[in-house]
Structure formats: C-alpha cells, structure tokens
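Reading through the structure tokens given below for one structure.
First chain written, first letter: the chains are A, B, C and D, and each begins at residue 1.
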Amino acid sequence: MMQFALIGAGFIGPVHAANIAAHPRAQLRYVVDLNRDAASRVAGQHGAAIADSLDVVLADAKLDAVVICTPPRSHAAIIEAAARAGKAIFCEKPIDLDIVKVDACGAVLRKTGVPFFVGFNRRFDPTHSALHEALRRGDLGRAEMVIVSSRDPEISPPDYVAAMPYGIFYDTMIHDFDMVRWLTRDEPVEVYARTSVMLDEKINPVRDPDTAMVTLVLAGGALVHVNSSFRAVYGYDQRIEVFGEKGMLISRNQQPTSLERHGADGIHQAPLHYFFIQRYVQAYAAELDHFVTSVETCQPPSIGFEDGRRALAIAYAAMESAKSGRPVALPR
Amino acid sequence: MMQFALIGAGFIGPVHAANIAAHPRAQLRYVVDLNRDAASRVAGQHGAAIADSLDVVLADAKLDAVVICTPPRSHAAIIEAAARAGKAIFCEKPIDLDIVKVDACGAVLRKTGVPFFVGFNRRFDPTHSALHEALRRGDLGRAEMVIVSSRDPEISPPDYVAAMPYGIFYDTMIHDFDMVRWLTRDEPVEVYARTSVMLDEKINPVRDPDTAMVTLVLAGGALVHVNSSFRAVYGYDQRIEVFGEKGMLISRNQQPTSLERHGADGIHQAPLHYFFIQRYVQAYAAELDHFVTSVETCQPPSIGFEDGRRALAIAYAAMESAKSGRPVALPR
Amino acid sequence: MMQFALIGAGFIGPVHAANIAAHPRAQLRYVVDLNRDAASRVAGQHGAAIADSLDVVLADAKLDAVVICTPPRSHAAIIEAAARAGKAIFCEKPIDLDIVKVDACGAVLRKTGVPFFVGFNRRFDPTHSALHEALRRGDLGRAEMVIVSSRDPEISPPDYVAAMPYGIFYDTMIHDFDMVRWLTRDEPVEVYARTSVMLDEKINPVRDPDTAMVTLVLAGGALVHVNSSFRAVYGYDQRIEVFGEKGMLISRNQQPTSLERHGADGIHQAPLHYFFIQRYVQAYAAELDHFVTSVETCQPPSIGFEDGRRALAIAYAAMESAKSGRPVALPR
Amino acid sequence: MMQFALIGAGFIGPVHAANIAAHPRAQLRYVVDLNRDAASRVAGQHGAAIADSLDVVLADAKLDAVVICTPPRSHAAIIEAAARAGKAIFCEKPIDLDIVKVDACGAVLRKTGVPFFVGFNRRFDPTHSALHEALRRGDLGRAEMVIVSSRDPEISPPDYVAAMPYGIFYDTMIHDFDMVRWLTRDEPVEVYARTSVMLDEKINPVRDPDTAMVTLVLAGGALVHVNSSFRAVYGYDQRIEVFGEKGMLISRNQQPTSLERHGADGIHQAPLHYFFIQRYVQAYAAELDHFVTSVETCQPPSIGFEDGRRALAIAYAAMESAKSGRPVALPR
C-alpha cells in the first residue's frame, strides 16, 4: 500500500484525499494544513493522522508520496523539500507562480530524480481521452484549427482574485494550454490575448479580467482559439473542438441526467454539470490511479515537469499580450 | 403542361393547389368546391377557373388529372367518375370510408386503367425516405420491431369527429399503417388495439377515442407498436423507429429552427413543427412531382389502389379490436 | 457499521459486494456461495469471510443484513430463513419464481417484520429519478401514455434461458413493469403480450422468446407499451417516455463519452453503455445506500414485498397472454 | 408586379432568378450576362428576355429593379449606372472590392436616393433570425463573447482564388462580420487575424490563405472570435454562439434529414447540408421578399450601404492584420 501525505486540505484537497482512500493500493497517512480544522476534518474522514509540519511528515521513512494542494505560491518550496526527502510528488497545477522558482525546482527534480506529476486532470477525462485517442489514431489527419471553450460558473472570492492578478490565464486557461499541447503534439510560437471585465462590481470588485480570448499559432501552422469566462450561469462549459483535413472532433459538454421535457414552449434538458468537481469526478480518480501505477512500476508519470513549465510559459505570454495589446512570440 | 382540377378546396386542398401552381410542368385549370368562397379563394390565387360541377370539369378534354381533397365519404364516387372520364387520379387518403364502395371503385379503376395514386405523403418525406432506403440497403438486416409515435397537436372540430367515429384509426393511424407496410414490405396478420378518451369534455365533447395504442403482428414475425394522441401540446410528433438484427434506425422529429439556449435552468430548444402542413411541406411537393412524372412517363404511381385498400383494412381491424377488446386476425 | 452477508457471489453479487465495501457505514462480513471459487474471489477482494452454509451465517448475532443474489428459484427459502433469523433483507428481483412460494414468504415477512427490500435498482437511477420527480411535481399533468424500450445487448447462456422459459417477462420486463407502477402510481387491469423468436439458432438454441411487446391498460385509463429484445447490438437501450396533458418526458439513453465526430459520411457518436452494470453503476450504489439508511433509521425500504409481488404478477399475466394470444385481466 | 433584371447569370444568379420567378409580386424581365449561354439558360427557365447590354435594360422605363450578381470588381459601376437610371438595387456582397470605388458609389446612392440592399442573406435565415430576436428580447442580457464558425466544404477554383487574394476575409468572412455587427449592435474597434495555408497544393495551387482566425474587440468590450476554413469535409459548418450574462445562445448547424442509426459502432446521423445553396434556401427567398416589400412600401431595405461598407472595412482590416502580424485599430 502506497502511503500518502496530503499537503493542503482545502479546495481540491478533499477530492484527492477521498480518491487516495478509495484506491485499493493507496493509503492516506497524513494530512498537513496550517488550518487545523480543515486538516482534522479531512484526516478524520479517512483515518489519517494530522501532522504539525511538513518536516515531520517528510521525515517518515514509511511515507511514499505527497499530494500538493496548497496555494500556488508555496508549491516550489514544498516540491523541493519533498524531492530532497525522496518522495514521489503529485502537484496541483501550476507548478508555482514564479517562473524563476519553477526552474530552480526543476533543477532539484532532475537531480533527485523523484517521480513528479502535474495534476492536469482533464487529460484523464474519458471524453477528452477519447478525443486524444482519435487524433492519435489519425481520424482527423492533420489538425488545422482547435477551438476551446472553457468557462466557469462563478468567479473566485475577491481575496483569491486579488492575490493572483490575470489568474484567468495562469490559474484557469493553463489547463486549456496543456490540453492544446497534449492534443496537437505541437507547441505555440505566438500568443495573442484580449481580456474584458464583464462581471458586476459586486461579484468582481477587484476588476481583474473575468473574460478572455486567446489565439495561439502553433509551430506547424495550426491556429488555436481559447475563450474563457467566470460567469457561465448555465454551468461548467468545457468543450474542445479539433478541425482537420478529415473532419471535426468535438468533446462535448456533459449533463448529470439525460431527462428531456417536451412542452408547448419547446424542448428542455437538464443544465450542465455545475463545476469541475462534478464534471471531472472520473478524471480525478483516474489521475490518482495513474500516479500510483507509475510510481509502483517505476515509469515516469505521463505529465512531467516540462509539461507544467510550458503551460505556465504560455499563460504568462498570454498575460503579457493582454497587457501590451500585442502578439507575443514564444521560443520553441 | 399537365392540366389539373382540384376537387375540394378546403383543408389540404390549398397545399396541393400551390404545389401544382409551382410545378414547372403542371397547371391548375379548375377548382371545384360546393363552398364557392373557398373555391374562388384558391382559384384566384393561382389563376384557375371555378367550375360549377364535377361533370363540367371532367367533360373538358384538355383536363389531364384530378386531385381529390373532399371529405372521405365522397371519394369513391368522384374516383369512379374521374376514372370513367379517363383522368389520372391523385386521391387523398383514405380511398373512402365504406370498404364495399372502395372495392367497387377498385373494379372501375382496374377496368379503366387510369393512373391512380393515394396521397400517403409521408412516404415522400426526406427523412422517412432515408429510413426506407437504409432498410432496402440492408443497414438493419431483418426488421424485428417497429415503434411508431404519431401524435397530433390538436383534435379536429366536434362535427368532424362526430362524422367519423374511431377516426383515430382510419383517418390518422392509416398513415402509420401504410408506413409500416412500406418500410417492412410485410403484412400484418393480427391487430390488437386499445383506446382511451383523455381530452377534456370541452375539446372532445363527442368522447370519441383521442388516444390509442395498436400492436401489429407481421406475417414474418416482426412486432409493431403504433401510438397516437390528439393532444401533443409540444407539436407534431412523428417518429418511426425500426429495430433489427444490426441495430436501430430512427426517423426523428424536426424543428423549424435549430437555436439552442443555455440558461441557469437548463438547455432549451425550439418546439417541433406545429402540424403536418409545416412538417411535410417537402413531402407534399414531392408526391405531386412523383404523380406528374408517373403520368407523364406512363408508369404506375408508387402508391396504388391496393396500398390504399390494405391500410384501410388494417385501420378497420384496429377499430374492431378496440371495440371488442380482442385481437383481430387479418387475412394475408 | 452494518454487517452484511452476501448470499450468491456470481453475476450481480460482486457489484453489491463492492458497494457494501465502499459504503461508509456498511461492512461485508460473509460471502456464501456453493461455488467456493466465486465466494473466495469476492470475499478476498473485500476482506470478508467465506461461510460454509447459510445457517452458520444467520446464526451470527453480529450479522445485520443479507443481500440475496442467488438464482430466483432459491429466493423464497433464503428470505424465510433470514426473516426468521431477524436479519434485514435486500433481495434481488424477482422475489421468487413460484407465486405460491412468494405468498408464503410474504406471510413470514409480515409475521417477523424484518426490513425487506426488492432490488428494482432502476428506481435509483438519477435520470429515471428525475423523471419520477417531474411527474410527482405535475410537470405533465395526467399521464396518458407510457412507452418503455428495454433492450439487452445479448441473450443469457442457453442453460440459463432453458431454466426460465418466457424469462423475457419475469426476468427482464419485470423491471419495466415496476417502473410503470412507480412512475404512474397506477395499476394495470389488462395485459396483452406478443413474442417472437428472432435470434439465430446458434445464440438462442432454446428458441425461447427473445423479442416481445406488451400493452398494459391501467386502471385510470392510461395506455402503456413495453418492448424488449435480447439483441440490441448498439448497447443497453433503456428509454422511458411518458406522454401527458402538458407534454412529454423522456428518460433518454446514456453514453460513456460525449465525443462527436463529423466526417464526410456524417456525424458519429459513441455507442450506448454496453449493459446494465455500466449503465446503472450509480443506481446500484444508491439502492444499497437507501437500504442501509432505511434499516438504520427503522423506516421501511421504499420498495417492499407488495411491489415485488405485483411486478411478478404482471409478468406472469404477460406470459399467459403471450401463450394464449388473448388479453389477460388483472385483479386490481 | 415588380419587374426585375438579373445582372450576372452565373453562380448565385440562378437562385435569385428562381426566387423572383416564384415571388407572387415579382417578375423576371431581363437577364444580362456576357456569357450568352448562361444568360439564355436562366432566361429560358423563367420566361425572361436576354438583354445585350446593361444600358438597354436600364433604359426600359418598365424595369423597377436590378439584382447584381456579377463578379465583385464590377459592382460599383453597375450600382452607379442603375442608381442614375432610378432603379431599385439588390446587390450581392461585397459592394465592391475597391473601397475608393465603394465610397464613390455611396455618394451616387445618396444623391439618387434609390432603394439599395446588400445581400447579406444570413440575416434572413430562420435560426439566425431567432437568435437575433432572442438577443433583442434580452434573453442573454449583455453579450460578452461571440464565437462564429464559418467553414466552407471546398475552395473556389484557382482562377477565382487568384483574382481575389485574401478573399477568405472580404469574400467569405465578410458575412460573419456583418452577422456580428447585426447581432451585437456594436462595432469592432480592433481586429487581429491569423491565417494558414492548409490545403494541398493540388486543390489550393495559389497558396492563398484557406484557414483563418480573427479576433474582434467591440467598442462595448465584448470579444469576438471568427474562424473559417475552405475544407470542411463534413459540409457547410455555420454556427454562431453568443455568450452573455444570462447564458448562451447557439445557432446550430442543420442537416437535410433527421435519420439516426444506432449500430454496434455507435450512433450516426446524416452530414450537414453540403453548402450555402442548400443551407440558406429559405434565407435567399426571404431576402428577396424583404427587398420587394421594402421597395413596394417605400421603406429603406434593412441592410443598406453603410452595412455593406463597414463589413468590408472590417474584412480589409483583418487582411492587413494577417499580413502585418499586428492588431489593427478600426475607427469607430
């Protein structure tokens, strides 16, 4: 049984904790969080211990792996400590917010050689996976255009938003940039981005961009569009469309039920899943399983440091473009 | 230019008149209706003459064909007169309501040999046609079950209903019985029917059946279900599903527009077409074109007397079953 | 923690075992099966003990409940034994095959008063549940017609089929009969059924009916159609359509992924879920949770003895009708 | 009866000729084309005369209106001549290719005051119209993002392409730019465009851009994405999605039939309409009717000179951006 420590018990932490607990070959040993209440709630649910500090946890020789769910700015330091302690690392995206720190922690990872995985969970969604397989199989031939719609039903709380200006790029769209790289097996050479503040002052008092469109030009010539919003009142809108020489593939949205009502006013279906927790429930379980299996079999996890770094670099280029109003070139 | 007389200017008459007028090789010469206003309205729109009597019209040697849209009880007499005058005949379903009269008029048709077509317009709908072609192509292999939903948005006026008791079978479902014969190329050997009166006293004061389900057992063993209602508040519901050894084919409903709205309350689409005039606009034009072409090329029209008679016989067997509560055998 | 014994480790047994093991307030204590290999496989997966006999298991005072997944003919005896031992009972449908035995075991259940639940799992499917709620809410007004398509992708092995002649009614459609009762809150007063043998000799050597259509007339006048087949090559086809005065509700099929491919040959989507295990994965977990909660809170489970008995009685009436070719009246 | 001359009998000319002929209050009097064969083919079908020159036609006092379907470069001269002759003008888009000539002809139109209509036919499509109405009704609240996919199934012949470099913007996307203006009632202030040459040398020997993505920033802050391709092998892909504070509206694609096949390999539907002639058959008839009615009632047609000019200006700005690689500002 692989022994895990969960670092960060808020937000997505409980999802990972539950998946570890339900996994036949994994066990949740520790939960670490500055917020003792959050830590003890999650630990209690799954019979794990609460640890006072990361050091104590990493010193336990029986611990195999850490799952890092703390705020992004703290990631690099935790990754480095865990790597030096020889633990396998499952890190939520982004690797960190500071690209200098990201590179420093990349060096540590290379030196220590510990398994390192970035939680781009969407790669493990069954439908996105089916899209990926269809592309690998050659169903479309060359991909010529990619259109990604990636919209959240709500904006984060003001303090979260204030702490991460232009987060729409490196906190949200970073997932989409990863998907584009993964699906096309190509890299962007130019990024152009435009943002807008569309939400009311009440729900977006920080006036940080809540609406954005990005164009990517890939090295191979394919054109990519990504759009995002923090106010999709109809639910979590996550569609990917790839157009190519043999046609088009669409990873469509999903609904919790398939009931249809026909009334005098038309045809009605249930709304989409509300948010990512509901939409990607299978993906979260599958990425944990992939991580466990990778570590057990000594294979590098399918999403590594370089993937995490590149998605962040694209996000930052998009932010730069949005600020300057000019397209930004990306080194290959 | 083929010269037509329209016999009966009400209800579906104007649809046929417009299709004749728009047809490049057909011309509307006469309109005959006891209701002079109706006749002159239709005639005026298309530059046709109003005729005082059927005899006058049939005596015109320049007239090639008649389209019969009068109430069903008058069909047989008009068919016989037109046949004896040597005119090609396009007759709305049913051939007549009295099977004895139907057979008598069949004898006249055989003797005179004039082209005779029964207006089972649904056979000319593009989607039902595509279903038919898929079956002929063998996409399903042997058909094992057929499920037909055939629902009207409203019931006919009380006097119309009163004049045709159990009309749900021989006025409405007769179309479906024809579709089943056409699609399966098989004949029913047993009919079982059940009806219900579900509409309010106000809109169905006659208390004639407004809801019905029919089971047909085909000679080849396939099972058929047909359901009908006169209160589909969501529009004209016309679906045909054929299930077979290689899968299932569904002729789905159609909507006038393809707009989709996603709101906090779910996903919304436009209602179905309201009724048969909207839904089968292409089918009406196509059947007229088929009739014209058949007559021009001296080919028998694709839907003949025997088709009209058999569909009626099935409808009457269904009525008998609904009244007796027992399955009714049909001669092959 | 509620302690369970699984009686019958084949077929659906492992599904229930896994759900018990995953339930936060339930534990799998014993697995009983004449087939020791099957028993030890399931027991081993979830850390349960293998028991040599039902008697040993029922004698354990720490055991709270049994889940009965043995072949139908053995159900009544096991139910009676478990009831006399004071255990809560979760029984797979049907209650038994012999209606006399069913009634006898009903008497025992009434006398002992143990909690008794029949596993009509579909009532716990999220979409069927949403349909149920919409009906209770009055979205349709009075239900006038119900159309149920209930098709399996494959037929059971010949020995299974041979042991349960006309099983299409009491082994398969019994689920649909329960759904109709549950959704309409009404009872059938007449049943008419027709069957066909459509599968090849090779896959249905027993020549037991593999295709069936049933008409039910409900006490309130609503008409019901149910069709079934053991050869839906496109997957597990489970649709329920309720038509009423305010429109139509459809519990549509479901697919494992929502990928769509547009090619020169048209638009393509993934097939349906293959079979009930995939389609009803949530329903199986939800019914187990319902059972646990019912027992814990001393509430009678939502599906009781009378529900199981009535669905069986409808199934037998359908069989009788199919054999005699006549509609069969059902006592209210 | 309004008397029409068709100027240009190729390409879209026959569609307009047929709609004029079928219109109850319009008549096709002349067909003019340098290609006498094309002219006589169209004229013959509808009983019109062939005219040797535009001058002869415009000199006919009985002529009310011209429909201009010649190549774009000839439009301005014909518009001016027709305007000076006092004829009502229905002109295919674009008004002309040379913006200086466009402005000159605008001056003539203002001076003469003849009715002038630009054939942005999509505004008359029932589904796009329903989208427009929903926006006007306020179903979405403020529009925040617009995503337009506008893809042709094939590229024009090489000589056509060679004559109009970057035609993807001013010949194709010009329709989409008009739709965006019409739907949002807002104007772009910035355009950014990227193109790619994706088609094989054989079908695009000119190597003119066949794939493009455009971003528009509207004055009100809304962001717009338009993508286009000349190789949608699955048919004419014409979707418009508007996202706003209350949800999302999608004008979806349309298929000629609604047949669905379920096989072991999944669910299959018919391809989309092949191209604009099939997709917009209703729109072409409706725009002609609008033009006739406008002229009859002395109302200015709903799409005027300014609409045609602005769409062209956006297209040219997109071309400039695609060539320079930089966003281009548009004067308000």
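Throughout what follows, contacts are C-beta pairs under 8 Å (C-beta built on N, C-alpha and C of every residue); 3 or more make two chains touch, one makes a residue touch a chain.
Just so it is clear, the model here is predicted, and its values are computed rather than measured.
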Chain pair, A-D or C-D, that carries the greater number of C-beta contacts: A-D
Maximum centroid distance from subunit B, chain identifier (CA atoms): A
Distance from subunit D to subunit A - Cα centre to Cα centre, in angstrom: 42
Euclidean distance of C-alpha centroids - subunit C vs subunit D, Å: 58
Residues of subunit B touching at least two other chains: 233-234, 237, 246-248, 262-264, 270
For the subunit B and subunit A complex, residues of the former touching the latter: 233-235, 237, 255, 262-272
Residues of subunit D defined as touching subunit A within the complex: 142, 144-145, 147, 149, 151, 190, 192, 194, 196-198, 211-213, 215, 217, 221-223, 225, 227, 229, 231-234, 237, 243, 245-248, 325-327
Subunit D partner contacts - residues on subunit B that touch it in the complex: 22, 126-127, 130-131, 134, 139, 246-254, 256-264, 270
